[in-house]
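Should a chain be cited, it is by its letter among A, B, C and D, assigned in written order, with residues numbered from 1 in that chain.
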Amino acid sequence: MKRAVPTPAEPTHRSRPPRCGPPAFFAARLSAHRELTGGYFELSFTYDEGPDLRGVVPGAFVMVRGSWDADPTGPRAFSILDAPEPGRVTILLKVYGRGTARLAALRPGAAVSLTAPLGRGFSATTAGGPRRLLVAGGVGLPPLHLLARRAAQAGLAGAVTMIYGGRDADDLVLVEPLRACGVEVVLATEDGSAGVRGRVTAPLAERLDAAAAARTPVEICACGPEGMLRAVRSLALARRVPAQLCLEANMACGFGACLGCAVPVYGPRPYRYCCTDGPVFDAREVRW
Amino acid sequence: MKRAVPTPAEPTHRSRPPRCGPPAFFAARLSAHRELTGGYFELSFTYDEGPDLRGVVPGAFVMVRGSWDADPTGPRAFSILDAPEPGRVTILLKVYGRGTARLAALRPGAAVSLTAPLGRGFSATTAGGPRRLLVAGGVGLPPLHLLARRAAQAGLAGAVTMIYGGRDADDLVLVEPLRACGVEVVLATEDGSAGVRGRVTAPLAERLDAAAAARTPVEICACGPEGMLRAVRSLALARRVPAQLCLEANMACGFGACLGCAVPVYGPRPYRYCCTDGPVFDAREVRW
Amino acid sequence: MNAAARPDLSVSFAGMAMPHPVMVASGCFAYGEPFAPFFDLSKLAGIATKGISPEPRAGNPAPRIWETPAGMLNSIGLENVGVEAFLRDKLPFLADLGVRVWVNFFGEDFDGYVACARALDRGRAHIDVLEMNVSCPNIEKGGIEFGMVPEVAHDLVRACCAQTAIPIVVKLSPNASDNVAIADAVRAAGAAGVSLVNTITGMAVDVRRRRPRLATTYGGLSGPAIKPVALRIVHQVHRALPDLPICGMGGIRSGEDALEFLMAGASCVQIGTANFAEPTVALRVLDELSALCVDLGIDRLAEVVGCLEPWPPEPPWEETPP
Amino acid sequence: MNAAARPDLSVSFAGMAMPHPVMVASGCFAYGEPFAPFFDLSKLAGIATKGISPEPRAGNPAPRIWETPAGMLNSIGLENVGVEAFLRDKLPFLADLGVRVWVNFFGEDFDGYVACARALDRGRAHIDVLEMNVSCPNIEKGGIEFGMVPEVAHDLVRACCAQTAIPIVVKLSPNASDNVAIADAVRAAGAAGVSLVNTITGMAVDVRRRRPRLATTYGGLSGPAIKPVALRIVHQVHRALPDLPICGMGGIRSGEDALEFLMAGASCVQIGTANFAEPTVALRVLDELSALCVDLGIDRLAEVVGCLEPWPPEPPWEETPP
C-alpha cells in the first residue's frame, strides 16, 4: 500500500505545457447542434456571463453537464474545438456512452453548465521551430484542429501536417475547413475508404523517416485513443523525436479537486493529473 | 409484526369496479404535446402495436416511461384521459416531481414505453341510475372528464354534474370541452379567481343537501388529492351517499407484481392494491 | 471463436443445468401470474417466487415504496399467501411453466424457518431450489437479521437443510459487513449456493410532512443504484470461495449488466426491480446477452463465469524515465 | 412563524456554533485551493480536508474513478501530502478563510493514527475538528477496516483523543453492519461526534476487457445513489444516541437533500461528490435551504434537527367497516 514519496514540491518539468486562465463555472445554453457523419456532433454553447475563451490554448478543455437530475451524475470533458467570439464555445462530440448520448440528445436552447477553461495545452507553433506532425485519431481531432487553424492564422500553415485517422471515411470529419486554410491533411482509415488504408502510425513513420533523411527537426503533437497514443509514443521514443501527447483519463471534476484523473509518470512523483498537469504531457514523462 | 390473516380467497366486494382487458407492454411515441395553463400538459402517444384502448373504463390508467437510462427508474401512472382511436392514448399530466418533469420535457417523436390498460374504473353511468356528482380536484380530472364525456355520448349529459376544484383559474383546464357536450360544470378555486371561492366540498355539500331535500338518489364519483378524497369520503359516509373514490398510491409496476400500492381497507384482508383492485374503491371500503 | 454461430448460453448452477442464466428475482415477479399477459414465461431460466412464510402475512402499512435516484425503496413487509396457499394455489401455475422454480422463503423466528422448509418439501416434485432469505429481523436475538452473524446463519441453514431434499440457496444481505464469512458459514451448513444480494436498508424523508417517505421508516433499496455494491459482494465471495455457486442480482437491466455479474463470478442472475418498469425486461436482457456474446466472441457463456483478470501493474515508478 | 423574515440557519455541532450547516466533504474539496477561483470560500460553514496521513501517499494506480447509475466509484487511495506538508503548506490557506477547518485524517496502522493525531495537534490554533476516518483497512487485523468492530474502533479513538485537545469526530463506514454499536463505542471513547457516512464499497466491470473498471478492483461508491443508505444510518444513530452530534453526508446536492439529513438527525451536513459537477454547489444548497425554510415556515433551522415523526398508525383493520 505504502509508497515512499518525496515531500511534494511543485515538480520541475522538462516541457511544461502552457496553462489557461483560472477556471469559471457558468451557465450556458446549447445554441447550435449539428450532426456530422460517423456519430459526431458539433455543439455550440453560448453564455452571457463567463470567460472569454478565444485565446484558449489548443488542448484546453471544458467540462459539460446538462441541467438534468441525478444521472449521469458527473460532467464530461470535451476539448475546445473553437471559441470564435466571446460568450461562445464549440466542441466536437462523439456519442460513446451515457453522458455523451444524453448531451447529443439535447435540443438547441437547452441549459447546460460549463467549467472552463481547464487544462494545459500544446505549446504554440513557432516560426523557427520544428516542423509539426499533428496525429489525430477519432475524437482526438479537436485540439489538433484548433492548433492547425491557429498555426494557419499565424501564417504557419506550412509548418504543420495533420495526420488524421479513423475507422472509415464517415469517421473523419471537419477535414475541409483545414484544407481550406492551407493545412496539409493526410488521411488514414482502417478500411481504406478514405486516404491510406491502415493506422495513422504508418504515414507518421514515413514522415519521420523523410524528416530524418532530410535532417528536418520535427515534433509530434498527438491526440486520440490510448492505443494510438501508446504506438505514437513508442515511435517517438525509439526515434528520439519530441512528442506531446494529449491524454484522456476518467475525470470527475476537471479542476484538480478529486485526484481521480491520475496519470502515471516518471518524475518527482509517481502520478500527475490529467486535468491540471495535462491533458498534454511530454511522451517521455508518461509511465506506460 | 405478525398479523392474523385469513387464508386468502378472492375477496367478495360490495361494489367491485369494472376491470379493463389484460394489460400489454408496448412501445409508443409522443405524438402531441400541448402545454395548458397551471403546469398541465396534454400528451398524446401513438403506437403501431398495442391494445385498442377506446373502450377503456374511466379510471383505468397507463404506466408511462421515457426511453431514458437509469433515472427515474420507474414508470409513472396516468389516468387515461382519452383514447380517440386505436393506437392512440391521451393523458393529462401535471409536473409534480422528477418523473413528470422529465416526461413533460419530452419532444414529439420521443420514444416511450407504455403498460396498459390497467386498473378497475368507475362503473358506467346508467339511464335509470342515481344522479352522479363528479368531484375532481387538480390532476384528478382525467378519469372524471372521460366519464362525463362517456355519459354525454350515451345521451346522459344531464345525469352528471362535474364539481371541479383547483388553486386558481389557471389550475382548471379542459373545462370548455365538457360544457360543449352539455355537462354542467361547477368550478371552485381556493382564491376565488374562477367559480366559487373555496374547496369542492362546499358545492358538493350543497348538491347533496338539495338532492336529499328532493329525494333524488345521488352517487359521488371522486378523484383528486388525498385530502380532498378524505373530505369527500367523510361527507359521503355521514350522509350515507354511495361514493366511488379513485385513489393514488406510490406505484412501482401498476399490474400487481410489486405489492407496493397497498390501500388499507376493511374486508377479508387488511390491504388491497390500488393498481389491480383499484384505483377506484368504494368509499366505505377504504380504511382511512 | 466463431462469431456467426449462435452462442451457447447454457450455464449450470450447483449441478443444475440451465438453458441460460436469466432468472427473475423474488418479490419482483409475484408468483408469476401478473406477468403471464406480457410474455411466454417459459422463456425464463427460472422464477424466484415472492418470499413464503409459514403463515400468510398481510404486509406493511402504506406507503410501501418510494423512488430514489436510480433506485427504489420498498417496505412490502414480506407480504405473502403463506406456505399452504402457496403449495395449493400458486405452485401448480409455476410448475406448468417448465422453468426452474426457486421458492424464496423465510420464517419469523428460527422455528418458522424450519417449519417453512419442511412444509415446502412437500412440493419437492415441482421445486428446484429453496431460496432462503436470511434478511429477516431475528426477533429472538434483538431484531438483528439472521444473516448478519455467521454462527446464527450457519445453525439456521443447517436446521433447514435437514428438513428437505431440495437444494437450499441462501440469499444474503448486503447490510452484513462481511459477506464472505457468512457465505462460508452457510456453505459449511449445507447450502448449495448463495444468492447475492438482497436490498440494502435505506430511507427517505418527506421534509414537508416531517416524516419518512415509507410508513415503516426504513425500506430496502434496490435497482441500478445498488449494482456496484452487489457486484462487489459477488466478486468478493467468488474470489474467496470459488467453488460456491452464486446467483447474482442487484440493478440488472441490460445484457451488459448481466455479463458484469457473470464475469464477477455469478453462475446465473436474477432481475428484480427492472421487471416493474419493463415487464418483458428478462427477454431483452437475454437477447442482449446473446448479442454481446457474438460481439465479444464468447462461444460458451459458462466459460466467462468469474473470468475477470486484475489490471496489469503499471511500469515501476522511477524519478528519471528509463 | 414569520415567513417573511430571514430564517435563522445557525446550528451548533458538539457545542461549536456554526452560521449554517453546509460544509464540504473530505476528498471532494482537496485542501480548498482548487475551489478558490469559483467562489468566496468563507461562505462555507466549514471545510473537511482531504484525509491526511503521517507520511505523504502517492495514491492508487489509474484508473481511479468510474461513474455508476446516479453515483461514482473512486479508489483515489487516500493520496495526500502528509501531515507535515499539510501543516506547512495547506493549513495556512484554510486558516485564513475563517471557516471551520475539519482535518480529516487516518493512519496506516494503529500507531499511524495516533502519530497523525499528535502531529495535527500542533495546528490546533487553526483546526476546529479532527475528523477521523476509520474506514482504512486494518493491516494488523487481517485487512478489516478499523471502523467495523466496536472494540477496535473504541481503542483507536481513545488513543487518538489522548493526543490532542482538538475535538475528534469519527467518520464511520456504511459497510459496517451495525453503525449504532460503533457510534456508541466511539462516543464512549471520547469522540465529540460522528460523521455519517463514508463511501460504500463497490465495483464495476468492463466486460469488453474482462477486468474491473478501477485498477484496484474495488472503490468507494458516493453520490445520489447512496443517499437513502446514508439517511438511514443517520436516523438509526440519532434515534439510538440522540445526544451524539452527527454530521450527515451522502449524495447531498440540493437544499431539500440537506434538510432530509437534518430532519433525520444530523446537526450539520457535508457535500461531497456534487462539488465535482458543480463547484459552487454548496452556495446553491445554502440558498435553497434558506428558501425552503421560508417556504415551510421554519424560523430556526436548529429546531428541525431530528424532528421526524413516525407515521400515525392506520385505523385498526376489521372485517366490516365500523
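Keep in mind that, in the parts below, a contact is a pair of C-beta atoms (placed from the backbone, for glycine too) under 8 Å apart; a residue touches a chain by one contact, two chains touch by 3 or more.
On a predicted model such as this, the values are computed, not experimentally measured, just so you know.
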In the touch network of chains, how many steps separate chain B from chain C on the shortest route? 1
Need the most distant chain from chain C, centre defined as the mean of C-alpha atoms. A
Select, from A-C and A-D, the pair of chains that is joined by more C-beta pairs in contact. A-D
Mean-CA-position distance for chain D and chain B (Å): 44
Provide the C-alpha centroid distance between chain A and chain D, rounded to the nearest whole angstrom. 36
Would you kindly tell me how far, in whole Å, the mean C-alpha position of chain B lies from that of chain A? 55
Residues of chain C engaged with two or more neighbouring chains: 58, 61-62, 69-71, 223-225, 314, 317
Chain A residues touching 2+ other chains are 3, 69-72, 98, 264, 270
Looking at which chains touch, is this a line, ring, star, complete or other? complete
Within the complex, which stretch of chain A touches chain B? 69-72, 98, 102, 107
Mind listing the chain B positions that touch chain D in their complex? 3, 69-71, 264, 266-268, 270, 284-285, 287-288
So in the complex, which bits of chain C are touching chain D? 58, 61-62, 68-71, 73, 144, 148, 175-178, 200-205, 207-208, 210-212, 215, 217-218, 221, 223-229, 231-232, 235, 251, 256, 259-260, 263-264, 292, 296, 304, 307-311, 313-314, 317
In the complex with chain B, residue positions of chain D that touch it: 69-70, 314-315, 317-322
Give every residue of chain C touching chain B within the complex, in rising order. 27-30, 33-35, 37-38, 50, 55-67, 69-72, 74, 76, 79, 81-82, 84-85, 108, 137, 139, 223-225, 253, 273, 275-280
